[in-house]
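Order of writing sets the labels: A, B, C and D. Residues in every chain begin at 1.
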């Protein structure tokens, strides 16, 4: 999610920014741009590099834009229609909006709107919010947006664009990251600070929980959506979601991960000949673990650079024979060694089991699996695609059971306390602890 | 380059093997398969995942296959025609062949053949060799191939496929890597051992310099092409060309790189707060450098996972403003730090200058550039796309001059002696030393 | 526009039917299908053969479907969003709808809905109607639809699909063609009867002006939307829009065109050696003209079979040199001849001028341009893309002036009376006469 | 097949010319262009509009070019490799060539060349000829070409391009059409004169049987390949292969077809209410038949304008139900009528049977099938894809048997004598008569 106001190459810069945010969603992407008079957009299902062409970018002329990369949860909300930004046109002007997160009362608001005659072409929460805005009787857009957001429960970060304004909003619990920056005279807003670096913009400050920011040619202003905002930034952003070069709440993500690895080493030192991490998101933690214990850090697993592209899947019989494309164990590194394998998180245990087997097949003498976060035991209601409790292995099994299931020689998790020590307060750790920062939806 | 004989899913396994060898060439790829009666192929310009579809693979039925990924040197030899394997049909049977390397007397052989009435549809050395084979008056294919290879000068590894035989050949100086493996009853041959791992095959042994291997339903046999073979494996394979999970001449590539880093640390220790490497091929050396000196190893540079895809290039004005897509410096890691930046090799110096500037813009206090190989001063005639001497920065400038040009605080190279200590003998280090293992072409 | 209810291969048959209706619109196409429980659709910008693949058709499972081919007027309403059927989902069920025609009070209804808080994602009249239906407080869908349609002014034919019903509606003036047919036990509805022939269905009857047809598993029923319906079928459907194998109001289109040509021959016989028509829609009239006057009918113009595909346009300089791709004059037919050139209609005169020149350049001695319809002098408000009065050549110039502008030796039009004699009453001939069958929008 | 010499936009004009010749082959297309120094080409499998893009055309810079559209016989010779022009490069210059027709001794020449050490990458006769040219010891290209062509038996038209010359050759029996034209100062050569019309060139003359034309910057010259040339132009070019706007041997193709229809009417008048033709190639004959007998000519069959594109084929069960996409009978025209159905030729009878059934299902009272050429009873060895004798229905059945098989009420053929009366002498009518103008290959 990225927005820019006041730059002659608004759509191009949005394209580069979305490229750097691609890891946050691969299902679809869109850009809407305005020149102050008109508004136009382009979107599609696929990666930034697939959807936007030189020609389509040339057509997106304007000085302000918002863009989005789509992350779908559990495969629902698929389809072109659901790719954001959504663009609504009316005789009085256009409105584009995109969001990340998940509204807890989205289905209920939708039902209420339907009863009032609203019709829906998408299954997106963004369309719900657009209806709420347009149905407000208040005179100014800012007031309409505030009255709409007041009805929302859950986690959200919103960007809205009209011909006159760029509006950003963050939920009062501050679950999602959102940052403000400057590029010369232009304002930029991004889900992660890496988007600023890639376009040469400077980080200004994080958007605050419950803050509404309105940017126009008259300048920037800020309002509070809530009397009692509090920061509850999603811990999984540090653990695996964000890019290592981003800073979240002032902390660099790579550094945070490495410190989680160091803390894990202090809590759970194992006797090993080599330390290796699961590429790519666990490498920082593995380095930290290795450094703390002075065990050599090695590349025990290699990920194909060309994975991510569509390839022809091996048939079951070939898979049985050992064909594996995405991740290879490096025999020359692990053969005959006791391996400390660091992974960033633990959900269903399938990755852990698969990689432990890979390493053993490549000759590892022992495999000790070290997770640089606590076990995930509770579902996320705020927009991260972990799973229902039933599928969360740690919710239903003891560590001894899991170690056996996985085939590792030992299994260790970072403690909740250890995570807090590294990352500080102001975090949502509900998936580890079950302490949710909001009331939950009635099921 | 990959070949397989005696497996019912020959083309599928070749596809997966080529996928793992994709880093050796991205310009084009092809597979030719035979069922013992017929021979058919498919090829195209692009990546393995672009060229082969489920449907095209289903059509490539057979029990033996060879495949190739194309690496072009200096942009010549482009075009569909030049994608290998080349397939020649005649009334007595078909012949497919592919090669890697570069023939020193290729142009001369081509001229001689033209004078004898040969016509050429490609600019590939493989077509020259096919002509030489077919023009031989000897009765058996093995003899024809031997007589043809006897005329070649330079570096080559060849795979030939007919309805009856799979033939592999390595030049007498052993410049290119080539390994033999087994997958159940089937024989496999690959440029790098990582291709064996990905399909679940076992490494058997390296093909020897000047060895000709003939595999058929009657078994495998081996012949010598030369009385005086010697191993001169290209050192750049270790430095940056091969995949870190491959073993070359019995040495794991990641481990070799890490040891080059350690050796560099012993030779050129610098005072630094963090060590970082240029992704991806320099990371192993950086880890070794850091471990040896007990300086923290950090992710000071991040490479976009989505690079490699076609994206819209920034205009010069946007580039000027700081838009950069492929590599980002991690401000949170390098700001205010003395950075030891490890790169694997040094050719024109453009990467070094660009990254040094990136790091300084991100706040690095000092940048010390450490190259885990000696300076490249001499052109390669054997198929690696380094450059003519004129473009090789180290061929024409002192280290002090280069340091200034690059803007680094210091610049250090691994010594030739240090490289030999790590990698042992049996190497071609001509690009560092100017000592070529063969006579050179007359210019 | 095509709908089907009660056939296990509903989407496939809709695909074939749309293929036969492709001439009615090339900008986009979509199909929505239901199995009684769920509803799903696929659409896109392009031709039927471009948008639907074997895979996408396999996913569109169900026993009822509606489909659409998109005809855009003046280039507005472009974009994926505007491709129909539009699909709206709600907690009580889905609603898909598509239409052809043009609502005179569409913009006004849209403004009223916006004032009530409706938001719009398309610029399509179909979205307006969907809002009107959903905002109705009446209990049954049939009543909701009737109350919505009661608000509409202009020309329309609608198809609506829910999980329970297929609804078809035609405006009370009966401007657009719409027919009902049977395919075994299934019901089918199509804009033109050629869609029945292609899928092996039988024509049952034309939908009547102001008729609402509701088809469900309980059978078919019909209601009147108006007390005073009257048939005013668009004359241009006969002249050039419909396919020659369709029947409209019981008259075959090819036969109608040929009779228009015969009538033209009676009214305006010219002395000519050959008669030729402008491919494809004028050939029937040319045949009729030739037969009536016993002048040989010849292929004096050839249209490339491969036109319609995207080709590289000739540069102005090449066009100047005579490069022309779509239509060629046949020198061997027209050289030295007096040519009676029959065209079906006359709008801006550009085609007439271009073809007259083509024929003269190919050696025609005389070119007499004969138009098998009266001159178009008035704009269409009902969905046919003729033009504003300013661009209609016949609205502003005498026949003598036009003849001179075009460079023909003479120019003749069918009379209004002659057209009525051939086609009978019950026609909208407003573009010729200015007598519109409805009140017009306030401008 | 098209060539141009001496025009700054050589490749663009070739593109347009090939577009007009697309009906002669749809399997593949290529263009090779030269600027006098270099030679480059582009080719691919598909239509002209699919293979060439704005970008690829911009790269094909030069003042001379040859181009080809590929017609494959019986599905053999498929694949990218076989798409022409073939381009051969050597140290002394490049050679591109393309041909149409079929060499009777192609396989034998290929075997001889293989024995001399030639290797083949295609199954094309053009590659055989290239080998023959390059193996000639004669000094000048013209002499090399002549010595190569002297070895050929069968039908051919060749275009050769080097950096210095454009060479055209026609076989001594003159089986294939080939014409010479002028476009300003440039020379053009085309398989059909319609290619001249589309680019604004003027027809100069037909290339003569056994003529070799050499065009260079020094001008044009002509030589004889044979002492006893004779014109035996393929009669099927008039019957269905050529475009109606082309002239062959001075006769317009549409006019020839119409006269064949008139002659058929004189020979075989039937009692019918309407005459209709099978679109597109039989329409001219149908018009002639109708005019001669003063029976109304009607559009009894309609061909979809969008056929030619790839569509999803109906399943057998849908086909059974009557789904038909390519051709529709026009019920409104044929219902209750006695139909004289004119087709241009008769090979396997499948089209005749299918259309007769279509017309009867649409209500035709009688269907009389009239073929405007004699029955095809003998295979073609010269490059037209009729079939082996076994599949030629008329070779093995009496007319009474065929009439019954087809389900028509009567069946009539034009006589050989009638065809000669219309088209004159100088024709190859071997497929009707069995009198081949050359000796035949030994089988």
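As a convention for this text, a contact is a pair of C-beta atoms (placed from the backbone, for glycine too) under 8 Å apart; a residue touches a chain by one contact, two chains touch by 3 or more.
Nothing here was measured: the structure is a model prediction, and the numbers come from that model.
Based on mean C-alpha positions, I'd like to know which chain lies farthest from subunit B.
It is C whose centre lies farthest from that of subunit B.
Quick check: how many Å separate the C-alpha centres of subunit A and subunit D?
Inter-chain centre distance comes to 60 Å.
For subunit A and subunit B, let me know how many angstrom lie between their CA-based centres, rounded off.
36
Roughly how far is subunit B from subunit D, centre to centre by C-alpha average, rounded to an integer in Å?
Distance between chain centres: 48 Å.
Mind pulling the residue numbers of subunit B that touch at least two other chains?
Residues: none.
Should the pattern of chain-chain touching be classed as line, ring, star, complete or other?
ring
Quick one: which chain pairs are touching?
Inter-chain contacts occur between A-B, A-C, B-D, C-D.
Quick one: which bits of subunit D touch subunit B in the complex? Just the residue numbers, please.
Listed in rising order, the residues are 80, 86-92, 95, 110-111, 114, 116-121, 123, 130-131, 134-135.
Residue numbers of subunit C touching subunit D in their complex, please.
By the definition above, subunit C touches subunit D via 9, 12-13, 15-16, 19-20, 22-23, 47-50, 52-54, 57, 183-184, 194, 197-201, 243-245, 247, 251-255, 258, 280, 283-284, 287, 291, 296-299, 302, 304-306, 308-312, 314-315, 318, 321-325, 328-333, 362.
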